[in-house]
Amino acid sequence: MSTYGTLFRVTTFGESHCASVGAIIDGCPPGLQLSAADIQVQMDRRRPGQSDLTTPRNEKDAVLLQSGLEHGVTLGTPIALIVRNEDQRPHDYSETDLYPRPSHADYTYLEKYGVKASSGGGRSSARETVGRVAAGAIAERYLKIAYGVEIVAFVSSVGKVHLPVTVPAPSVDEDENDDAPDPMSEEFRALLASVSRAEVDKSATRCPHPETAERMKKRIIRAKDAADSIGGTVTCVIRNLPSGLGEPVFDKFEAKLAHAMLSIPATKGFEIGSGFRGAEVPGSKHNDAFVRRADGSLGTETNLEVSFKPPATISQAQATAQYDGTPGSLAARGRHDPCVVPRAVPIVEAMASIVVMDLLLIQKSREGAAALLPPITTLPATMVMPPKVKVNGL
Amino acid sequence: MSTYGTLFRVTTFGESHCASVGAIIDGCPPGLQLSAADIQVQMDRRRPGQSDLTTPRNEKDAVLLQSGLEHGVTLGTPIALIVRNEDQRPHDYSETDLYPRPSHADYTYLEKYGVKASSGGGRSSARETVGRVAAGAIAERYLKIAYGVEIVAFVSSVGKVHLPVTVPAPSVDEDENDDAPDPMSEEFRALLASVSRAEVDKSATRCPHPETAERMKKRIIRAKDAADSIGGTVTCVIRNLPSGLGEPVFDKFEAKLAHAMLSIPATKGFEIGSGFRGAEVPGSKHNDAFVRRADGSLGTETNLEVSFKPPATISQAQATAQYDGTPGSLAARGRHDPCVVPRAVPIVEAMASIVVMDLLLIQKSREGAAALLPPITTLPATMVMPPKVKVNGL
Amino acid sequence: MSTYGTLFRVTTFGESHCASVGAIIDGCPPGLQLSAADIQVQMDRRRPGQSDLTTPRNEKDAVLLQSGLEHGVTLGTPIALIVRNEDQRPHDYSETDLYPRPSHADYTYLEKYGVKASSGGGRSSARETVGRVAAGAIAERYLKIAYGVEIVAFVSSVGKVHLPVTVPAPSVDEDENDDAPDPMSEEFRALLASVSRAEVDKSATRCPHPETAERMKKRIIRAKDAADSIGGTVTCVIRNLPSGLGEPVFDKFEAKLAHAMLSIPATKGFEIGSGFRGAEVPGSKHNDAFVRRADGSLGTETNLEVSFKPPATISQAQATAQYDGTPGSLAARGRHDPCVVPRAVPIVEAMASIVVMDLLLIQKSREGAAALLPPITTLPATMVMPPKVKVNGL
Amino acid sequence: MSTYGTLFRVTTFGESHCASVGAIIDGCPPGLQLSAADIQVQMDRRRPGQSDLTTPRNEKDAVLLQSGLEHGVTLGTPIALIVRNEDQRPHDYSETDLYPRPSHADYTYLEKYGVKASSGGGRSSARETVGRVAAGAIAERYLKIAYGVEIVAFVSSVGKVHLPVTVPAPSVDEDENDDAPDPMSEEFRALLASVSRAEVDKSATRCPHPETAERMKKRIIRAKDAADSIGGTVTCVIRNLPSGLGEPVFDKFEAKLAHAMLSIPATKGFEIGSGFRGAEVPGSKHNDAFVRRADGSLGTETNLEVSFKPPATISQAQATAQYDGTPGSLAARGRHDPCVVPRAVPIVEAMASIVVMDLLLIQKSREGAAALLPPITTLPATMVMPPKVKVNGL
């Protein structure tokens, strides 16, 4: 439904042409310094009209905080926020409304609900992600202050243009050759370890590798000029992650991330760590690395990749049929993004933040509750965590 | 945590060396004819010792139904079932217990809980999936009887050995060439449309393509002989799926599937439909197909793919360190699978069944509730679903 | 937390002095005709300033619908609504802020969250119930249209002034006498069967028995004149309830109602049916009646009673202490209700509506899913529900 | 459904004549010393056959732990436990099966599910509470060790025989007299402050006041001799409760308790603190007391009361009708309790323990998360909790 999370709970609302979109964020820790500006930064990265690569609509998307704070401090009560829709008029009907748009949710929504919004996609529209981005910004602010967590996403491919460091080895079908390159190259590890949002935002494509960014830009413009669209992938790295996140067995960290990412409109795939390429590698060469944190303790760094299909709305005429079966041809009018991945970057960051926050709150509960028990003296030492344990020589 | 689902709710329990493993399945529709044998079929496909490709342990894994049925009919109350562990003795300690196994959950569990099971993995062990497979068999039985749903999974790759129909186009990094092959070939579509569990089970690899199966078998044996392990992928097709499944916006069908699949031990990636390859294709060539069902209505057929890393337990000695940091070398003793994907097939089917069942029950609620309202007369016809609508000429 | 319900899910937000209060209602069936006016009716019954028995604040409390509807029809997507706070200025600090108000949540909130709203009660304020009442009005509208459900609450006691029909038998402590009057009199049953909101609203006390209403009014004015407050009870009847509501074992209908009612500010007790008086009666005299519905089928009519403590805010000076322990005396300034029960009537109705709606949606799912199974032929007839069964001669 | 709780999650299963009943307890803190004997104590207090006041069935009800512990220490993984049913034969059918038992769930279950267990009540049977009591014993053990929490329930009335200290003031309907006795007498407060389970168990009635216990015993025997039954109430006190429990607004402590208590079979009412009597008292005389804890900090002591109707199964012949409407007369055969409240005592304790445990875990999360934030310096002192604050001079 429209609520996500157990202790950090995000509920979103809103369609394209209603009064507003927004969210209620319940479970934010009390005592967090937070302003609308903290949220607006990510909202501005999400909104359309930022470059010639995205739709020219220039939505202001100003966040209006409704509750949950006083004097810039969170109270621990639900934080509600709304963002007004600029165009609140009901959609003007026209000939194109007779057609469910191919590959859109129009028909699916109509079949599911028996009624649909005039704007077509309704809740499947990218406009719905406004609430997610706002919620993610709040989670992220807490995580940054409390743990120094850094969450940075970037565009790693557009069509067939890939960040060189992530170009997968040609997966030749072969029986004997084990000499797979490391599913994650050193160069890519270095990028994951250092990339910042400032670097990501240097290009309108949100690819932090300048040459590739330039090629991606051309690829997107080529799609635009052809009245077509193109897909891509977003990679996200989470640094300084506190340990112990994820609740076995159904709510493992990777399972929650997969859920969150595949709930973003237009997503089709998710991988974590070595992902699909890791399936080609023998166990002796596959390695889940531990990372030593600044304070000497062991940490893990998580990276994930999300695949986005090309936007279904294209200006080319497509052969299709009306709702009533009458064959015809449909060309989308108006504004649309030829490629969603640059704007998807803050959405991926937001969903990652929300997942980390929710799992962190659950783990804080376990730690707090277990800390009140007397030390365990009846178990062998290898079954009990001694303080400041170091592992594998790190 | 250990519960999954909203209306069809599965709660599992059990570690490797405790008295039993099992599950409580709450929310199964009343009046379903069900026997232990219906469940045992999938349990037997899951258990080790089925072939020389899997660990030689021969666990009987007999399902013992505890509640929720009378005279072979479900009562609508929770169905509890247990499967006894053959070896319930606490683990014998030895030198190897001083080492957290590399890439295992040993260290993670210990850090998270402050205490861990002697058997190491505890709930991260594959043994935990017994309860999932049993729950999935119940869901599947309902779906088959009520809707004719067919869920069939199979092994689509082992290491670099791929089912030919799914070999991805070499993803050459190129800027201009759009001539991507259809991300899903006609041959592959045909396989998805027809493949049966009987065909899948003809080979111990659970690959339904005999030549590829043979090559996969060799690849697994090569890993085994090298005291190594190898990863792979499982593809799953869901046929005759009722329409309208998935709850926008956070519980979309693909999001719930991704969550469920990434909760299976050793999984690293998930894609649905065109997946990652679809990200390389322009919108004009990307197509989410509708499928006409036997009764003339429109249906969708869903296919998904799950990536499994190579098992972390290998018999080769690996350089590592003890819990206390002392460097050393660890070689796993005893029995282990060199490749998990053949046994993962029924687990993927189970998780798919559980997701479909849960979302179906939610959609049945909506349909039932909406059906009690008078017809909508105040909206334009294209906003309301007329009965027996056909779309796009199908 | 601030979300209630499984399939009909209400999430509320807002404190007394923030920008707005409101709610997101997720899971409303699509295709329901609904207007802001449908909701406003109950909002107006809830708001202060309706009579000289309530606080003279005249909040407009206009409902602003944000999403989830188009052309006056629900889309099945989340319905968000906000009600602006008239006074959004941060609270002016004064000498009284040094004192946690006795019997208020001031201190509790501060201890729980480590920070509190300037307005004191924060989310414990009656202002929070705005979102509940709006959500309840939506649920109720569906239930009325789909099932003819009628939910009517009224004030049954103020202090020691009781509706005569509900005056409990003096519970003399006695060992031998079983001659308890029926815990529910015929006269009271008749009232429950017929009482309407119009009758309830004839008196500012919301007691539908004119003589008692008059006495209650005097009792409230006496409290007001004494700068004191007084408690009371609200009784609620739910008529034409569809059968089968409630999910064993933890989510029985009465358990969900109890939860919902005790979540209303200032409540201290709940009873359903014969309640506490039923505990004094032998089994041979205790009877859960079936009621025949207009269509001949069996129905149940549910009545419940909720107890409200006297408002803690009174104008009399009370000996107390400051947050820092300094003893002193505190007299509340400003406006406050001497008795909350008249305004609690629509809140009780709202929570009852929300509970019924949520449980109904779950039961619709079960019915819809079970209806797709073939008839059960292997069980004895008394274990299977034949169609149109009549029971106990009714 | 059959799962209760957010972080401490209890899922129960089992009917009267199936193989076993039991529960999975998920979310127990790791590192807790726990044995089957710790649980068995409360199981033995719950089971029938303990005295001549309860049914003579002598079920052994031995708890068999299945998972979640090793060497007597909890692992933090789900704890599963089962208790075998002594009589697992399907029910023998007889003439009485033609009748739904009056005031039982027979008809309700049949209507809800379309099929019912041969044993009639199915999950509505008291046998279902086995899993609850076991789960409660685990929660209680943690709470005792970590916080010194004490939870003691006892029988406060049987029929019209009341513990003298709780006899309510005759609620004469009067307009002017405010001289209500304190809704909770000093004598009763003293009992709540000191009563122990050992004292409670001195009498088979589980009333800790010897004279009243004797009168209750006679009252129950009188019901038994008359082939009748009798209701009663259970009072429960929770001492040394950690502060801050309960999640505004829908999951307040009292709301969760009410939910939990009304989910126990045969319950009809719940009150907390002053309850219904508090509704008769003016605000100037109503007081929610703070209690100073041993360490000097402020605590609250919670008391609640639960009302149980008389058991519906009585041996007297009752005029009723068969499922098909044929009028007739039904007298229950076999064993049944004339009064459930003595055996309900450990069930009330269990549900209280489960609620406290679950809310505690949520609050531990909040505290742990908030503690990582820097001190708030921008708010007025009365909005922020200084350390070791004392309130109201205590």
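For reference, chains read A, B, C and D in written order, and residue numbers begin at 1 within each chain.
The definition used in the following text is that a residue touches a chain if its C-beta (ideal position, glycine included) is under 8 Å from a C-beta of that chain, and two chains touch if they have at least 3 such contacts.
It should be emphasised that the depicted structure is a prediction, and the values quoted were computed from it without experimental measurement.
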| item | value |
| --- | --- |
| Between A-D and A-B, the pair joined by more C-beta contacts | A-B |
| Chain whose average C-alpha position is farthest from subunit C's own | B |
| Distance between chain centroids, defined by C-alpha means - subunit A, subunit C (Å) | 40 |
| Whole-Å separation of chain centres (CA-atom averages), subunit A against subunit B | 24 |
| Distance from the mean Cα position of subunit D to that of subunit A, given in whole angstrom | 44 |
| Multi-partner residues of subunit D (each touching 2 or more other chains) | 1-3, 12, 30-31, 70-71, 73, 76-77, 112-118, 123, 248, 366, 370, 376, 379, 383 |
| Subunit D residues within the subunit C interface of the complex | 1-4, 12, 93, 97-98, 100, 102-103, 107-108, 110-118, 123-124, 128, 157, 159-162, 164, 167-168, 170-178, 180, 215, 218-219, 222-223, 226, 228-233, 243-244, 247-252, 254-263, 267-276, 278-284, 286-288, 298, 307-314, 316, 318, 320-321, 323-325, 327, 363, 366, 370, 376, 379-380, 382-386, 389-394 |
| Complex interface listing, subunit B residues touching subunit C | 6-7, 29-33, 70-73, 76-77, 142, 145-147, 248, 360-362, 364-370, 372-374, 376, 378-379, 383 |
| List of subunit C residues in touch with subunit A within their complex | 1-3, 7, 9, 11-15, 17-22, 24, 26-27, 30-31, 64-71, 73-80, 82, 90, 112-118, 122-123 |
